[in-house]
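Note that the chains are named A, B, C and D in the order they appear, and that numbering of residues resets to 1 at the start of each chain.
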Amino acid sequence: MAEIAHEHGHLPAGHGHAESNWFIKYLWSTDHKVISLQYMFTGMFMAMIAGFMAYVFRMQIAYPGMNVPFFGHVSPGAYNSLITNHGSIMVFWVAMPVLLAGFGNFLIPLMCGCDDMVFPRINRLSYQLFFISAVVLIVSWFVPGGGFGGAWTAYPPLSAVGKYNLTPMGSSLWVLAVALEFVAFLLGGINFIVTAMNARAPGMKAFDVPLAVWMIVVASLLFMASVGPLIAGAVMLLFDQNLGTGFYNPTRGGDPVLWQHLFWFFGHPEVYVVLLPAMGIVAEVITVFSRKKMFGYKTVIYTVVATGVLSFFVWAHHQFVAGIDPRMANVFTVTTVIISIPIAEMCFLYIATLYGGSITFTTPMLWALAFIAEFLIGGVTGIYLGASGADIFFHDTYFVVAHFHYTFYPIAIIGTLAGITFWFPKIFGKMMNETMGKIHFWGTIIPFNFIFIPMFFLGMEGEHRRIYDYTNFPDLANPWAVSMRITSTVALVVMLLFQFIFLFNFIYSMLRGPKAEKNPWKSNTLEWTADSPPPHGNWREMPTVYRGPYEYATPGRETDYWPQDERA
Amino acid sequence: MSVKTIATQRASMNIPTGRLAVWWVLVSEIVIFGGVLVSYLMHRLGHPEWGEQAAYTNMWIGATNTFVLLTSSLSAVLAHQAAEKGDGPKAARLLYLTVLGGLTFLVIKSFEWTHEIREGFVLQSGGFWSYYYTAAGLHAFHVMAGMGVILWVANDAKKNQELHRVENVGIYWHFVDIVWIFLFPLLYIAK
Amino acid sequence: MLLHLPSASTYSGDVDGLVLWVTLLTGFWFFAAEGMFFWLMWRFRARPGVKSQYITGKEPHLKQWINVPHTIILVFDVIIIVMAVRVWVKVKQTMPPADDTVRIVSEQWAWTFEHSGADGKIDTGDDVWTSDTLHVEVNKTYHFMLQSKDVIHSFFVPVFRLKQDAIPGRTISGWFKPTKTGTYDILCAEICGIGHGIMGGEIVIETPEQHALWVSQHSVVADAGATAADSTTTPAGAKN
Amino acid sequence: MTSTAHAPAHGTAHGSAHGPGDAHAPHRNYVRIWGILCALLVVSVVGPMLGIRWVMLITAFGVALVKAYMVAKNFMHLDIEKPIVHWILLVALALMVLLYGALAPDVQKGEGSGWKKDAGFHHSFVTSKPHEAGEHEKPENAEHGKP
């Protein structure tokens, strides 16, 4: 609460921080653009770690017992902690900071036409808490016993009792890191919501707000409304781990299933918390590069809200066979399958936006289109798991792994890359190299499908998750399955290698790229009316808004775009 | 004081930014406390035998603390009234009273807990006691946080600065009060 | 029959049928959407002199391209829900009368199975305790009582299409009826510590003769002694 | 919904406790409200002494609801707050009701369709006299997987 009170973060817009020293400028800044970069770079760094973890355990799965290059022999305990931390990092320390906090911090003030977040200092505090949480997580890998290995869902009693998980310190630090991260995003979320609600530019009505902002705000709402019980649950889990309470201990009146519910009550809305910002980014990109008004702008918003509401009624589909009462499963099957309707409609509206457009296939556009194409696969395979009868078989098999990677990968990687390549000129004032961008795109998308499509089939064979060596299971050790595992591992290595092209392109363009003008893509939204990169305070005089964000090819105008702040 | 962020001074929703933010804070607090209380309620109803453990809690202390918090809420709202009239120093004095109330609450609670721990009822003594200390402790933590913020707002108010914050911290304090209003019957009365 | 995976229980066919139907119903929409998507990409690629059109999405003749699929998806969803719930109720919510009962006790990192033995009743002196191998007779309905001694495990028999988590502090009952003899994997489908990767077992589905022989060999009234759990179910005790 | 970017800075002087468009709180007798709250507190304390369960429940929880309502209405001034604030708070409360409704069948109940809680099942496990069948050589491994 303390933070709520200081609303008066910093010096007048336009001056002040510009001439202050490097430390203030980049590490202690309250400027939303700097904080957004801090989030993005932290997220990218964590993504590299988690990617390396994926490489290690995929090698172990494909070639059991081998000495993995750059890592060495993978022990069962190390394997568990690798998969656990890979999942935790990708969700909590990559998808959320980059998509929600990174793009949220950068886009909300710029797209709403204000000089900063409404609470710049809470904003800084939120990043600092997030940074501490990341440090705590990294530390947890090096304490005696090693990192937590109970899967990112951390079901007790395994996560609660040291003699079961054998990583007492690691598990406590893991829970602590996750709880800190939640608090950081609560502070950030309040900032996002209040800024978008209260600080919009003069004349900008609710339905003049770009979809990216709408979706980031709805995502923050979902997060804020769903995470509370899990924060409480995390405290109780910490007590169980360290103080000997029995909240989740059946022999002492507790209940392990309670944690599952608290976790997934948050965990399912969390999926939409990261999906929606990616959807918003994609909306901005496809409208610009097909020079089209969004097809049914308001309908998109309604489907987003419907998805958000429904997402609170579906969580137990993660627990169909996890010991909940079978009668509950029927209710959650209905809600889960029904949520496919708003999501499908959203995808249809995006596809329909292409109709009658004039599409240029720049790198950001390729990423945005790939997002839709790949996310559809993740969407339809979700129905298999939502249908309780089929989930009896598919639950915790590689089918699930393939399914949620077909949703999370488009979200956290493809959507993010669409956003980065699209706003790079605005963020750094330099253009990215298109050729390298396209090579990186194809080098990522093709291996991506070769990684995860085999997993669908392995899942149908009954291959279960989180196993470090399938030679222990005769039915799963057949040559066909082995070849499938090797295929996806090789594809993963190829894909990871292609990421170096992106890194090079990113750093090279940042330093040596050609200068970007204000509005390289001829886009309508407000951020493109500021300088690239925007100065502290964003605008010399604040913009006023006269129309919606997607006025492309408006009849009776010679230019095919019409910026929101251009007086009629 | 320094010129402020333009964004902070806008109010597209016609609600002052600070107050709107406090409402959102309360939303997140409702779900956090809700998580604990819902879990407690389910276990309590599922385990009638917890009633015997609950019988040891002292209703009189709980009632006294409720009274203390209600009174501190009164001074907080009177402070808001004074702030509306622009009387910063008076608001500050009333806020200091509120902090005093919070302090009294914590002192009483610490005596209560010391007594119970001496009796041998600790966090690990059983399901009820785990929830008792966790829920009340979480609440006490919010009381302390509130006291800190209120002190800091009061010091501004004394100089007639940032008077709108008096209302914001007040709203938060009343929420902490309401949480206790529910904790009191849940932990002390229901046996 | 999914891919190469045999189906060996009375309801595995139902699950496979459901999977097939979901594949058909969602596959239709998947290919329809992707097809339309790529066609639009090609059809409306940027060409010199061709300006994009101003379309709000309110035009009725275009909006129907959203509304009609919307409705049809709703219908498909209802079909999927009905089929899914029917399979679910058959597998998880109905308990056909049992010919025999078996207790399944999971622990880190092994399965212990309590067969009812010669008298066909569980918790009697002649019960047969085995570690990691479950012996059942084909075409007999079995009820199982699933328990866990430490953490959450999950009893997963792929050829049965059966999966059920074992929650410590709960006894969860279910049923299966083998239809096919042979030896198949039993897997633990819930991460249960560092031994999760070796926690496996096998189910031996025998003809009545083989089963009777096996029971007669093993089902003797044992003298009181160490329990099966203590003596056999160490991590090393898990197969290979 | 017009912005007030040019509004004077807060906290300069009298009346500054108000944001744009903020209605003045009606002048209530807060002390009187406080008195009522204390009276209600007494009721909730006396209630259980009658020792009648339903009376206790009403005086304890019914009164708590009334008290909470009075504080929210009069001290937090929710009654003159914008409707959207009522909505967001109600949604948060509704979610907690949902949480309870969906969890109670698993967490609160002792048994359900096909499961029951029995923390002490080890008992039945240990008392029954097991017989160790030599399963480790596994002769059937030869034709493993072949029906």
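Going forward, contacts are C-beta pairs under 8 Å (C-beta built on N, C-alpha and C of every residue); 3 or more make two chains touch, one makes a residue touch a chain.
Just so we're clear, the structure is a prediction, and the values are computed from it rather than from any experiment.
Using the stated contact rule, I'd like to know whether A-D or B-D comes out ahead in C-beta pair count.
Pair with the higher count of C-beta contacts: B-D.
Report the inter-centroid distance (CA atoms only) between subunit B and subunit C in whole Å.
Result: the chain centres lie 49 Å from each other.
Which whole number of Å gives the spacing of the CA centres of subunit A and subunit D?
Roughly 29 Å, centre to centre.
Taking each chain's centre as the mean position of its Cα atoms, how many Å separate subunit B from subunit D?
Once rounded, the distance between the two centres reads 16 Å.
Taking each chain's centre as its mean C-alpha position, how far apart are subunit A and subunit B in Å?
34
Would you give the residues of subunit C that are in contact with at least 2 other chains, written as numbers and ranges?
Expected reply: 92-93, 167, 169-170, 172, 184, 202, 239.
Where does subunit B touch two or more other chains at once, residue-wise?
Answer for subunit B, listing residues that touch two or more other chains: 1, 3-4, 6, 10-13, 15, 17-18, 20, 24, 27, 30-31, 34-35, 38-39, 42-43, 162, 165.
What are the residues of subunit A that contact at least two other chains?
Answer for subunit A, listing residues that touch two or more other chains: 7, 199-200, 225-226, 229, 250-251, 255, 257-258, 323, 326-327, 474-475, 542.
If we use the touch criterion from the header, which chain pairs count as touching?
Listed in label order, the chain pairs in contact are A-B, A-C, A-D, B-D, C-D.
Show me the residue ranges of subunit A that touch subunit C in the complex, using the header's touch definition.
Residues of subunit A touching subunit C: 75-77, 79-80, 149-151, 155, 157-158, 161, 164-166, 250-251, 255-257, 290-297, 299, 320-323, 326-327, 329-330, 333-334, 337-338, 340-341, 344-345, 347-349, 351-352, 354-361, 369, 372-373, 376-377, 380-381, 383-384, 386-390, 392-393, 395-397, 457, 460-462, 464-469, 472-476, 478, 480, 552-555, 560.
State the interface residues of subunit C toward subunit D in the complex, per the touch definition above.
Per the touch definition, subunit C meets subunit D at residues 6, 8, 92-93, 95, 105, 114, 117, 123-133, 147, 149, 167, 169-174, 180-184, 202, 204, 218-225, 227-229, 231-232, 237, 239.
Report the residues of subunit C in contact with subunit A in the complex, numbered from low to high.
Within the complex, subunit C contacts subunit A at residues 2-5, 14-15, 18-19, 22-23, 25-27, 29-30, 33-34, 36-38, 40-41, 44-47, 50-58, 62-63, 65-66, 69-70, 73-74, 77, 80-81, 83-89, 91-93, 108, 150-152, 154, 156, 158-159, 161-170, 172, 184-185, 187-198, 200, 202, 238-240.
Which stretch or stretches of subunit D touch subunit C in the complex?
Answer in residue numbers: 113-119, 121-122, 124-126, 128-133, 135-136, 138, 140-141, 143-147.
Please give the residue numbers of subunit A that touch subunit D in the complex, ascending.
7, 199-203, 205, 225-226, 229, 250-251, 255, 257-258, 261, 265, 312-313, 316, 323-328, 474-475, 542
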